[in-house]
Structure formats: structure tokens, C-alpha cells
Amino acid sequence: MATAPDLLPYDRIRADLFRPLSRVSRRYMLATLIFFLVGAAGLVAWGFQLRRGMGVTGLQRPVFWGVYIVDFVFWIGISHAGTLISAILRLTDAAWRKPVTRAAEAITVFALMIGGMFPIIHLGRAWLFYWLLPYPNSRLLWPNFRSPLLWDLTAIVTYVTGSVIYLYLPLIPDMAQLAEHNTPWRRRLYGALSLGWTGSDREWHALERAMKLMACVILAVAVSVHTVVAWDFAMALAPMWHSTIFGPYFVAGAIFSGIAALIVAMGILRKVLHLESYLTRRHFDRLAKLLLLMSLLWLYFTMAENLTVWYGNEPKEMAVFGARTRGAYAPWFWTTVFLNFVVPFVLLGIRRLRTIAGATIASASVLTGMWIERFIIVVPTLANPRLPSASSFYRPTWVEAAITVATFAAMAMLFMIFAKLFPMIAVWEFQPHPQEDD
Amino acid sequence: MTHTQHRWGMAIDLDRCTGCAACVVACHAENNLPVSTPELAAEGRTAHWIRIDRYYQGEFPDVKVKYMPVLCQQCDEAPCEPVCPVYATYHNPEGLNVQVYNRCVGTFYCANNCPYTVRYFNWFAPQWPEPLPLQHNPDVAIRPGGVMEKCTFCIQRIKRSKEDAAQEGRPLADGEVRPACVQSCPAEAMVFGDLNDPESKVSRLAGNGRATKLLEELGTKPKVFYLHKAT
Amino acid sequence: MDRRDFFKIVSTASAGALAGCGNHTGKVIPLLVPEHEIVPGEEQWHPAACTECAAGCGTLVRVMEGIRTIERGGETVRQRVAAIKKIEGNPLDPISGGRLCARGQASVQSLYHPDRLRGPMRRSGERGQARFAAVSWEEALGQAADEIARQCGADPLGIVFVAGPEPGTRSLAIQRFTAALGAPAPVVCSIADHAVERRAADMVFGWKGLPVYDLARAHCTLSVGADFLGGWASPVYYARQFGAFRQGRSNVRGRLIHAESRLSLTAAAADRWLPLSPGSEVQFLAAIGHLLLDARLARNTDALPKQVAAAFQSADPGALLASCGLAEKRVRELVRELGESEAPLVLAGASLVHTNSLDAVAASHYINLMLGNVGEPGGVLAPASAAAPGRRPHDSLPDGLPGQQPAPNRAAAEGLAGAQVVLIDSANPVYTMPRSAGVRDALARAKLVIALGSFTDDSAAWADLLLPDHHPLESAMAVVPAVSRQLAAVVSTPFVEPLYDTRAVESTLADLARRIGVEYSPVTPRDIVEPLLAQPSAAGGATYDDVARQGGIWLDAPPAEPRLAGVALELASARFEGDPAQYPFLFQPYLSLEFHDGRGANLPWLQELPDPASSSIWGLPVEIDPQTAAKLRVANGDMVRVESPHGSLEAPAYVHPGAVPGVASMAIGDGHEHYSRYASGRGANPLAILAPVWEKSTGALALGATRVRLARAGGSRGWIQFAAPDREERPFGRR
Amino acid sequence: MVARAAAAPSVQPIAYSHKQHLALGLECLDCHSSADTSAAATLPSVRKCMLCHAKVAASNPEIRKLAAFAANHREIPWQRVYGFPPEALVKFPHAPHVRASIACDRCHGDMTKATTAELQVKHTMGTCLGCHRQYKATEDCAACHY
């Protein structure tokens, strides 16, 4: 089948990977524009929400957290694609990772940017979001560090900072190359961004060490971020949220959806940017196996979570469990199991079906399934509070739908712009020179 | 008067309560609760700082109905308090679980973490057709859209009574402070007072054999005591 | 006196003229110098009277500063007004005791209601369309006076004044007005005037007025057919009594057994509820009487008239209880409990009037008689109005008071049928009378219809002239409480300026009488209060001003011994209109605590009060038992068609776990054609489809005498439940 | 949170002089008469002004303006200088502060030198808290925000 990209001549690699940057087709422009418009529509919906009030959402007592929080958890989960996978692979020196890491790191940064907006979108008085930040003020008012939301804010800000650095570092050598022969504005852009990289040994070593260090740091931060996201729920005194399993469960789910996002992104990039010889079946196969592993892990956690609740038979928890598995939300719960387990198990477990298409389809299924899974975690608990008389049912409105759809469009748009500014695969990693020693 | 600090509490005798909802309207009138419309109500936008929970028990013909007024339990270990990232809800020195509207940014976390679901959100900026605003109680804030609100134990009445007593240079008497719900209750099912005063009526009722607390097992230490129906 | 006090005394106005709207670049609306001193932030409490039902609670009204913007002389000005913030009970009033029900407290919303009539109006569309154009009082009163005078000349009997049941200055004024015109006495058109209870007390004990049940001192109470904690005679008074009955005594906890065909608020509060078949109250009470006599638990049998005792004795409890749908064994246990109690009490009423309700209430009085509690502590007590002749308070009142006599609905329907000129005040006959009673036709036929209320309601929509009344809180008035052991009048003096160009009905009637040129002496609260001040039990030297200051007068009434007339006990079965084969269900429209006879429906606070049975807000359902619901395949919120031989309605269903099988109940309140933005055109009026069946001897509308059939009429149409689950137990627990 | 924007002295409808009145021996409470008993200090009604000014200095053009308002049955449209709009969600009762012997000038500046009302002390939460801390008064949020 396809040759390993490492075996291709470096000039060809360079040409192949830099080519998408120099040309923007009309269809590409159009697609970007459409995504922009959908994203802008989401902003309009948000503007409407800011103007009218949170009542334009389907949120109602007692379901105070809904689609926005689902989106938040989902996108923060997707962000684990990224960095976590690339960091693990980098640390374990898996050579096949080379064409995969940049896309993964970009997903992380964009997913975090998008996910990080939701806590603000979701605020009753979003314009006061800065009150959550600790800043000096004459009234000596500080935010409450006992609140998991503050931990969350801290973790996410750290993670965003870390992942931007982590995306940026391996871009430096590529940008230095791009600054050489290019249109004037691009020369200026890449020149500035490459921070005067000359390619000296000292620089290579510094970069190498920085990336190793960041890979270690980002791993720890990524695990903690999603644990803290899980604690937003687990620290609450709500049935089926107040659970010790939530930290690892959310981390596993995040990596699961992250890998799926990466596969989907690769599947699309491969076609759109004509990277068939770089993103080969081998890459998909390896990632698919990883995805299958995570699917099984997800199933294990889901069972562990639900089985203990069912066996314990505590009435308040059973109300939520029942709503999930047999009541109003049951169709969604079982859809989740189907999309997150049955589909990937069949498509990825059977070698014959584990093709590029198969892996992409399974990943899309997992992405959908994981979004719904987050809904199933967030909503039924709130809809079935401890005092039954306050029970309710939550139905999102068009505003929430518009903003959710807009975030997907925004992701696509950011990714498409990124792909036209930076090579989607780190070119220098294929360079025969400076690190022949590895 | 051996104590200087008050610790406000309430006792609700379910053997007296008839579920007549006088307390609910009293609360609406006292606390400037937004007036809903059928459209808003259909979206779950009504607010009732005190509500009557109603449950049927048994099957016909041996059906019973249980009515139970539920308001903010003013927990000593309130789950809503630690989760607020901006200290918009906190415990004040008199044991009240206070909601500061100015500070609230609307994360909803407090409401999620309230096991009694007694927190209500201002989904929209409230509107009153003219001349209904003439009825507004000037002692109580008109809450803007986007903030959480809940029962305050009629803090404005506590303050007014304390101010009256201070003007007259005397201590507060037991029963002098009456939140609107307590004041209105025809069956006198609700009693309000100082739990730090062992002789107060509410302290004595809290020690009654029928007294329990709602969801006591969660360790929230509510300051509302329910006296269960005697048989 | 220091300088400061001088200022305080001399100056009538001191309040902070906080002019401007903060931003001095904005247009400054001038602020008028206020009439009275109101310090911002300071509260005043004024006594007033509640007129939301006939109970006549004394209230205290909290008044504080309010600023409103008005047009004056073509200029927009701001006016500092005394605004009513809250209504509470008057602690001096023995009825309310400082407490107040939901409806009484919500009545401030009708004062500041956005759709209150702001001045007189004249019809500009067809009758019933509720299209009106503003006119001046001069013009409106002129037209009214002309046409009434013309009718007076032709046939004064064609003038019908439809009034509410609340006795007081208002009813006195109306009575004087009709008397002055030579017209028939005003017809009270209400489904809440308790005509049956009044007649029964008169018939058995010779008492005028509603008997008072001394619940607080009873030990065991059997209540039959009276939802005394819900929409019955004096809800605040009885709720207070109930609280004391239950937990007001250190050694006794009152036990309440409640028999009613509906799981009402009273049934819910009771220790045991006996679900009666509708209309079987008299059979039930006859069986109780028999069982008490049988078990020798009636301690005062001798007092019972011979033929009544015989009637009880000859009753067959087994058959009777079977017709009530009750198990005999259980009832026997309860009878023993009642009979052995130190202070037993039977409290019967006709919350749901049936054709035989009078017999039931009469039977209950005889049972109280045999239990020996009549006039005793913890028993049934004579109303103040039943005091010995010559000392009866209302005898000493000028002209007596209407509403103290039962005023049958049938008479109202018949009176309206031939009316040429109709005046309507404090009543809404188009809403409260069944369609089959022909009220609309009568109003359409009349030459002139005048409505005196504050709102364009269902009946006012048929009027030619609207002469809007002040809100009660803007009026001087006196009200006589319906259930009272004291000789009482609650007095309200106006302390807020009328908001709009309205006039008190008393002054409108005086003005009309003057224009018509008939002898009429205007009514003031003094007309009610001064005869009471002349009573021997009144405190010496007390003046009308003292009474007005404390919000009323409450005097001990001399005890009234029952004067037994020995009326026989009848055991007629209730009659139901409609063929049982075609109309298999019984229908019970009932008066709820929130909406009473439907008049509470225009207030948003009451609309968003969850219905105690179904927890629905902004809409009332038909309550159906679970088996029937299963048969009809309806779930909560599904629409149900209720069809009687006289009409049909569609309303959301509530599958009520406590509904008596085969009986559909529905609270009255929805289905106003016109009644402000909050009530117009929403839901269905259960009264509309009733058959014109009347209680056989009083002529009260038999609310529960219509058969219906039920059918599913489609899925949910926006039925809103505040608290959805009926049960505390969770549905998904493993057993 | 923040007091309303100050009105410049010139925009007040009448050139009232605090200085002059205080120099005549009047005290704050003479005109702002419920400061020690009530939440609001209150501004005097035009009627109260006219108690003296019906005779005193009646020919002064500013007093004529005053008389015109009174004759017209209109309050003087003073521009508000202190106070909180309802949306500030804060309550300030004067009486307890007067009872605690906090001098008026602590929050309103030295009016013996001022003519028309003008903003001399900015009322922010910082100002309130600073004083409360100094006097060890309550720092409970619900003391003012409810």
C-alpha cells in the first residue's frame, strides 16, 4: 500500500506539505465562508441571549445546566485529542506519530478556545465574567477558591497556555523555513513567529528539551483538567454526580473523544489537502486500535458507574438511573451505548472493516455518542432532584442549538484557516539532518 | 437575654398546615417576586420562594395528601455556599444564607447543589405592567435579570424589627420578627424566631418530638424544622 | 418646643423631593406637592376590610410612598401617592386574627391591576362583545338616570338589581336604591352565599345566619360536605380554628374525619377521609345518627324531636352506607370514636350543592343535638345574628340587610328573565349561572344593562354602561362577617387616593337617585356601625372614630338558645339531570380557595398558585380517577371533552389519585370570556354546562346535579404543572 | 455601587445656599428631618421652605423662583446628588448612622462651606467599607445588599 512518508525524498515532502499554504481554491474559500457564517449565526444567537436573558434557553428549574455545559465538557474532552496523544507518542518515541501530532495539537488549542467560551456563554450575567478572576480591587473582594469552578478556571487557563506553547514550539523550525521564500506579508509573519530561528545545534537542543519538558507537563495538566471538569459535577451533592469515579471516567471519555476527533480530522485533511501519502492506513490503523481500546475502557467505566448505582438501589440515585435507562432519557442513553461501543467495536474490532473509512465512520459515531453521553451525565441528574416535586424535563431551544452548531462550524473554520497558514504536518521532522542521532 | 447574636430559625407544624398557600401569596407580595404569564410559566419561569410540595400517598379510597411548605432551609452547612465562585451566596453572622444579587454572575452552581431546589433564577429582567409596580415593597430589591434569588427569611423584616427595637432602645422580643409567610399563616403552622434563645417558641418547637429536618441525612444542618403530622 | 419640632408640626409635607430621574440630562418630570405627608421608606398600617368573599375579614394594609406618573391638565407630572404594599390580617379582628388567605392578600393586585376600568364607558359594539368607549360621568349618569326613570314610570318591577352576597354598606345602599325606585328587592346572584346552610340553621334551630362551629374546642369532628379549609364560608377563621384544634391544646389533639365526594383541602387535612358518593351526605348522616342512637352514644337523645328520632331509628345503616359507597364496618368504628369523644362535633355544609343538600345539613344539626353540643364549647354555636328577637343586631340596622336571608339562584334567573333594566354589582351572573339558565338571553333582551364593577368581566361585556366602582381599598365601607359569634362590622376608611376616575357605587346610586328624583338617603359606614355602638355590650363612650381606627367593632352577642321547630328528617336521594346510560359520569364544579366563584382568576398571583389537587398553574384541569382515565386513554394534560345535556367544554385532564371513580371534578375559575388580560379566553368554565337544577327548597344552584360524559379530545395543549410527580416514591426503584 | 453622577451646582433649579442657612443657626436635621428616625433623610418640601420664605427675603429672585414652584403646586426639581438608584441594589438607612454619632459631614462633606448641593464625597462601596472597617461596624454583605 502507501509508502511510509519517511521514505519519501525530503524535497518532495517539503513541497507536498508546503503546497497547501500557497494556494486557496474557490471551494475552500467558500467552505470557510460558510463555516464562518454559521459561526457568526451562533454569535448572533448569543447576542440575542445576552439581550433578552437566559430565559431564551430551555434551561428551567431544576435543570440549570444544559447544552452549554454539555458543549463545554465535550469540547474540553476533544482538546485531549490532541496534546495528550501527541505527548504520549512523543514521549514514547513512536516514530509513526510524525504526521499526526500537529493536527492533534491544533485540535487541542481550538477545542480549548471554543470550550473555554461556554462557561461564559452560560453565565446569567456574562458581562461580569471577570469577577471570577482574582484581581486586586479596592473592596478586597476575591473569588472563592473553594468553588470547583475556580479550580476549573485555573486548570483551563493553565491548559490553554500550555497547549499553545506546545503547538507553537514545533512550529518554529517550519516557520523559519517558510519565512525564506514567500510573499512579503507571509515572510513578515513567519519571520516574526519563528523568533529568529537559525537552525543552530544549540537551538535544536533547546527546542528538543523544551518539547520533552512540555510533553511531560501537558500530560499532567491534561489529566488534571478533565478531572477538575469532572469535579464540577462530582463535588456537587447531586444524585449520580457525587461519585468518585467521575475524575478518571471523564479523563477516559476525553481521551476517547479526543482520538475520535483526531481521526475524523485526519480523514478530512487527508482528502482535502491531498495528504494520502502521509496519512496512511497505518496511521489510521494504529489510532483505530487506540480508539477501540478507549471504547472498551469507556464501556468499563460506564458499567462501573451504573452497576454500582443499580445494585446500591438508593432511591434518589435510582430516580436518575431510571430516568437514564428506562425513563425519559433512555433513548439517548442507549444511543450512547450503541454509538460509543457497538459501532466502534464492530468497525474497529473486525480487521477487515478497520479501513480508513471504517475508522473515520467509527470516530464520527464516537464523537456523536460522546456528546450525547455528556448530555446524559448532566441533565437527568438535575431533572430528578432529591425532592421529587421539583422534577422537570429539559428541552433545549433554538438558541442553544444554534450556538452548539456554531461551535462545530467555528472549529472547522479555525482548522481550515490554520491549514492555510501552517503546514498540517511538521515538515522539519522529516528532515534527514539535524537529529539523525535518534 | 444572655446571647447577643441571633440565629434565625423556623418551625413548620405539618399537623396544622392545611396547604392553603396563603404563605405563597404573602411571599409574592412581600418580596417583589416577578409576575409570570402563561407563556413564561409554560417555560418554567415562575418563581416561588416558598412552595407547597404536594404528594399523594396510598390508593383510593385510602388516599392521603401530604402538603409541605418548602422554602430555603437556611442550612448551617449550606451546599450552595462553597460552590459559588464569587461569594454571592454566603453565611452571615446571624446564620442566614444570604444571596447578594450585586455579586451574582449566574453560574447556577448554587442551584444545582441545593438539595431542596429552592433557588430561583431571574431568567429575564422582570416586568410589571403599570401600575402594578406601585405595589412593590421598597424594602426589597428588584432583582435584575441573570441573578439567582431565593427566600431570605424576610431579612428586610428582621432588619426593620431590629431597627425599631434599636430606636426604642430595647431588645427584640420573641415573635417580634415574623417573615411574611409566618405572619400570614391562618393555621399558625409556622413559627419564626431565634434558635440561640432556648426560651423562644421556635427553639421549643425544634426540640419537640415530632420535629425533623428535611433531608437531614445530607448533613446540611437546616434551620427549618418540620413537625410531622401526629396520628 | 424646639425649632425642629416646630417644623415637624407646622409642615404638612416633608418628604424628600427626590426630583429628577438621576440623570440631569434627561427630561425632568415635575413632581406635585403631595396632599399628605409620606416619608419615603416609612410604613403606615391602616385597617381595612376584605371583600373577596363574604367572610368579612378585617385587614391591615401597609401603606408606603409610591410615585406614579399621570397626566394632569395636559401635562405629564409625577405624583407622590400613598401606595398599598401589602395586605395582612387585622390582629384585633376575631375572624382573621391577623391572618389572611391567599385571595385576600392578592386583592392588592386588583387595585393595581393593569386592566382596571379607568372611568365610565359606554357600549360601542354589540352587547357581549365588550367594546366600549370612554364617556364622562355626567353623560353616563345622565343616560342611566333617564332610562331608569323611564322604566320607573312604566313598570318599576322591570328593574332588576343583581348583587353579591356580602352584607354591608354596599348591600344596604343597593337595597335602599331599589326600595326608592319601587323596584323588586335586589337579587343576590352568587354560588357562594350558603343559602342551604342558612336555611337549615333557620329550619332546625330557628337561627338566622350561618352557625358557627367551635372547632378549636372540639375533640373529634366529623365534617360532612363542607370544605371548610377550602372555598367554604370563612376559610381564614376555620383554618385558624383548625390549627388550634390540632395543636393548640397541650393535652388534646383534635381528630378530624371528613366525608366528602372530593379530596378537598379539608379532606387532605383530615385524619381520615371518607369518599362519599356525590349527593349521599344525607344518607350518610342518617346512618351516623342511627348508629349513634343504636350504640347509645347519643348523650342527649331527649332533646331530639320525636319524629326525628324515629326517622333516625328506622334508617337502615347498611343500605344507606352502601348507597354512599362506604364500608359499614369502618363507619361503625368512626361513629364509636365520635360518640365516645369528650367533645364531638358534626360540621356539615354544602360545598357542593345537591338537590337534597338542605336535608343533609338539617340532619347534621339533629346529630349535633343528640350529641348535646349545641351552644356548648366545642359544639355548634349560634351566629350573632341569631340573638333573641328584639336584640338581634340586624333588626336594629336600618332596613335589615340582604344576604342575611338566603337569596336563591333560581330567583335570580327568573328575575332576570323579565328584566328591562339590569344593574349588576359584585356579581357575574353570565359566568356563575349555567348557560341553560338563560342569563345571556335576558341581558340581550333588556333595554338597559349597567355594570358597576371594576373590570370588564363576562357580565359587564353585556352592559350598555360601565360605571366603575372604586376599589374596596379606596372606599369607605363597612362589612358584616358571614360567620361570627360576635355582633360585628369591619370598617374601612379610605386612605389611598382613587387611582382613576371611578366612583364608589354608594355615591353612584345616590347620584342616580337624585337625578331620577326619588327619595334616597345615602349610606355610610356609620349606618352599620352606629346601631352596634348602641348595643348594651358596646364599650361606653366608644365612638365611630374609635371603631374606624381599630378597623371594626366586635361585640359579644347574647347567647341564642335553639328554638326547635321539629322539622322532620327527610331522606330524599339527590336528583341528577341527564340519562345515566348516555351520561355515565357525575360532574362537580367546585369553589376553590384560590379562585372562589371565579373572581380570583384575573390576578396573576392566584393564577400562578399551584392548584392544590393537580399542581397546575395558569389553567385548571378536569380531575378524573385513574381507572376512568385509563379507559379514556387520557394522561395528565391530555384534553378531555366534558359533555352534559346542556353543553360541553374541553379542558386538560388531571388523573387524580384521590378522585372518586365515576365522578369528574373541576375547580371554578377558568373560562372567562372577558376578565382582564390574565383570565380572558383561557380554559373552560365548568358552570356553563350545568343543568338548571336547583336545591329543592332554597332554590340554590345545584352545582353537583349534572351528569356528563367524558371523551378524549386530543393531546396536551400547553397544560402547565408546577410540580409534576404525584408521588414521593421514585418510580424506578427495584422492589 | 456607585453614586449617581454628580450634578454641577449650576444645574440646581434654585441657587440654594447651605452655607447661608447653616450660618443662620439651622441644623441639618431641621430640613432633612427624618435622618435620625428613618431610612431616608428626606429633602424638605417646597411647603416647608415657604414657612419661612413667605416672608423672609421674599423679594430675592431665587426666592421668587421658590415661590413660583409653591404657587404652582410643584416640588422644586432638585437634581439628586447622593443616593443610589434601585438597580444599585443597595440600601442605606440614615437612622442607625445618626444613632452611631457619625457626623453628617463624614459622608456629605462640609456643607458650611457649600452653596447648592454638590457631590463632595463619592459614595462607592470602598468608601462605605473603609468607614465600616475603621469603626469595626459590620462587614456583612447583607447589611446593605438585600
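Going by the order they are written in, the chains are A, B, C and D; count residues from 1 in each one.
Keep in mind that, in the parts below, a contact is a pair of C-beta atoms (placed from the backbone, for glycine too) under 8 Å apart; a residue touches a chain by one contact, two chains touch by 3 or more.
Here the structure is a predicted model, which means the values were calculated and not measured.
Every chain gets a centre from its CA atoms, and the centre nearest the mean of all protein CA atoms is that of B.
Between A-B and A-D, more C-beta contact pairs are found at A-B. The mean-CA centres of chain A and chain B are about 43 angstrom from one another, to the nearest whole unit. Averaging C-alpha coordinates per chain places the centre of chain A 58 Å away from that of chain D.
Centroids built from CA atoms put chain C at 30 Å from chain B. Centre to centre, using the average C-alpha position, chain C and chain D are separated by 50 Å. With touch defined as above, residues shared between interfaces to two or more other chains in chain A number as follows: 388-390, 392. Residues of chain B in contact with two or more other chains: 51, 53-55, 87, 103, 139, 144.
Residue positions of chain C touching 2 or more other chains, listed in rising order: 40-41, 615, 723, 725, 727-728. If you draw each protein chain as a dot and join the dots that touch, every dot ends up joined to every other dot. Of all residues in chain B, only 40, 43-45, 51, 53-55, 70, 79, 82-87, 103-109, 111-113, 115-117, 119-125, 144-148, 214-215, 218, 220 touch chain A in the complex they form. Chain C makes touch with chain B in their complex at residues 40-41, 64-66, 68, 81, 83-89, 96-103, 105-106, 108-109, 111-114, 229-230, 235-236, 239-240, 242-244, 246-247, 253, 263, 265-269, 271, 273-275, 499, 593-594, 604-610, 612, 615, 617-619, 625-626, 657-661, 678, 682, 718, 720, 722-723, 725-728. Those residues of chain B lying in contact with chain C across their complex are 13, 15-16, 18-22, 24-26, 28-30, 35-38, 41-42, 46, 48, 51-57, 59-61, 63-67, 129-139, 180, 183-189, 227, 230-231.
Those residues of chain D that touch chain B in the complex are listed here as 1, 37, 86-91, 93, 95-96, 99, 138, 140-142, 145-146. Residue ranges of chain A in contact with chain D, taken from their complex: 138-140.
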